[in-house]
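Two complexes, one shared chain (chain A), two partners (chain B, chain C).
Moving on to the complex of A and B:
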């Protein structure tokens, strides 16, 4: 006997993500899902963003890592609320992990919540968390040919931050090629070029993020 | 999963590969529908899979045997129906197949095509007995 099912495989996750979105809306918290491969500069960008916003927004961070609390220790010195999620091997964060982490945050004292996803260009793109902004980083060191290799993340992100621009000229990275490829895949995407190391370009990003979070 | 303080809290829904997580999700959907229909066995599962999703069907099939062991879904065949990436041009209304993830309209050349298909990932139907 054939039976019709018609049920989405991500439906269970997306239901919880929708509930998370309601929680963020209720507390007027702007949530950013920050995705990138390991070493692209996620934690550095968060540090740069905290400094760049200079107290204009009250910031909290959820740190997702397979193991360790290295990153959350690094962020705690900034005097912000940080919750560490160790996925115990899982390659991505899902909406239910965020729900559990939210129990450890006082959302009423936050304006901006940055969720640092597990370092990975593949899996995090599949799992919605309830975020208001899907952001990704690509570093110059990784090469400009990544969009066609990891299409979902480049197609689905609303903003792309190209980090480590201080390394331009030391490799064959072609910024124009990257911009053209990404725009063909995702015409609506906003692209920033910056260096967390030198601080160049950070201000445009933080001002843009401020506008998004307070819109 | 460890969250917050130092107390490890493990969650049985956490897996090491996203294909494993989605295979569990597929199995849970199938087993629920099998029970609702009082099935003694699931023979075949038809799954629609858009080509823009990052899911590798080979891995799903690999995990399927492990995940469904000792259930009515054990031994069921997974049939993946691949859905090509298609977009529609908001200007000239042309619908086209997307090649190399490029949303540029082949008819009028405008670059802001809107996805019509390619993101599907659903259990469409099952054959049970």
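Moving on to the complex of A and C:
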């Protein structure tokens, strides 16, 4: 008899993430794991993405928060499928939480599923969810020195969205320094600069995301 | 024979935190655990506090980061004792890390020890360090809706510093809403509004901190 020994919590998570990936593939749903610090603009980017895609893709959202349904209420006005996960203290989403949330979504009617992770630049990077794209946001207000302090998130994401570029003139944020540091850590990463507040730069991101989701 | 069973990692941490508290008391050092999201302004507030106290207290700093010594290098120019902890991936400081850092500080020459925690609005709230004051920063750029999403940090801190008030006119941050929400969750909390960038409001904070540290 073979006994399968799971090497702790990470392996168990990877196993469920792989199953989630199969579920997404079967339903031709492109899943995005959206990670960032608190207040970097995750929900605002989702709103901008829904507007920017203008119905070209059928979008669903899984909202991850420790508590509250503030964000899912913001998104429901857009008339899309939204499922709220409250982690009840846990600092990240894991693959099993996503599995449970999927039971409340009709994947056959979706092209794109955006998963808004808990606001945290550390722990979410360690837990794969089965996503097709690992995306992170850094807000200009957070400063350009963050990659060195939170290396896993920056080196493991496939796309970095630098949000709140409308604040660039009001801070000492050095975009060239940021780009150089991130590219050194993660040469393959794609970087967008935009402002969810003014809308500047959003079109490049949504067009790129559309291409990724339909490739 | 009595066998002491520690109820997991939290109890073990509480035990060492209590010992740290005794060490601080013995040396008459007032320890502040400073917590916030990445980029909320922890290091800037420490710099402003050093300047604002103007030598009235002898200050030491423990810098917590996952990686890098960016912040401790910023602080060393102020001619104070600084110890850097690199957690190597861990998303928070714990009491045992502080214990080890204390071996590199001369507590007999300090009045105030500021411990800058890892940038994270979730996990640091769960680990006591032995501090005399639990302080948190929220940046205006993060938005006023954060208390509902990160309840433990807001309900367990003794002081909330709202930083980057120079950005108030550029965002839809609602200070009255924030104050009402936080006071409902944590009636005893003291709230300061300031801008480390312009210096506005810093004096009230440093004077209050001086009173706390010398009480």
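Of note:
Everything below uses one rule, namely that the second predicted complex is superposed on the first by the 206 of 215 C-alpha atoms of A that agree within 3 Å, B and C clash if a C-alpha of one lies under 4 Å from a C-alpha of the other, contacts with A are read in each partner's own complex, and residues count from 1 in each chain.
FYI, a contact is a pair of C-beta atoms (placed from the backbone, for glycine too) under 8 Å apart; a residue touches a chain by one contact, two chains touch by 3 or more.
Being a predicted model, the structure only gives us computed values, none of them experimental.
With both structures placed on the common chain, the touch criterion links A:70 to chain C but leaves chain B unconnected. In the superposition on chain A, contact is made by A:84 with chain B only, not with chain C. In the superposition on chain A, contact of A:188 is made with chain B only, not with chain C.
Of the two partner chains placed around the shared chain by superposition, chain B is the only one that A:97 touches, whereas chain C remains out of contact.
Of the two partner chains, chain C is the only one that A:149 touches; chain B does not reach it.
Of the two partner chains placed by superposition, only chain C is touched by A:37; chain B is not. Using the contact criterion defined above for the overlaid structures, shared-chain residue A:139 touches chain C, although it does not reach chain B. Contact with neither chain B nor chain C is seen for A:25 once the two complexes are overlaid on the shared chain. Counting the residues of chain A touched by each of chain B and chain C gives the higher count for B. Residue overlap on chain A between the chain B contacts of one complex and the chain C contacts of the other covers 89, 91, 122-123, 148, 150-152. By the touch criterion given at the top, residues 1-5, 8-11, 13-18, 21-22, 25-26, 28-30, 33, 37, 47, 52-55, 100-104, 111-113, 121-129 of chain B touch chain A in their complex. Put simply, chain A touches chain B in their complex at residues 1-10, 12-13, 83-92, 94, 96-97, 100-101, 103-104, 122-123, 125-127, 147-148, 150-152, 154-155, 183-188. Residues 37-40, 65-68, 70-71, 89, 91, 118-123, 139, 141-143, 145-146, 148-152, 164, 166-167, 170 of chain C touch chain A in their complex.
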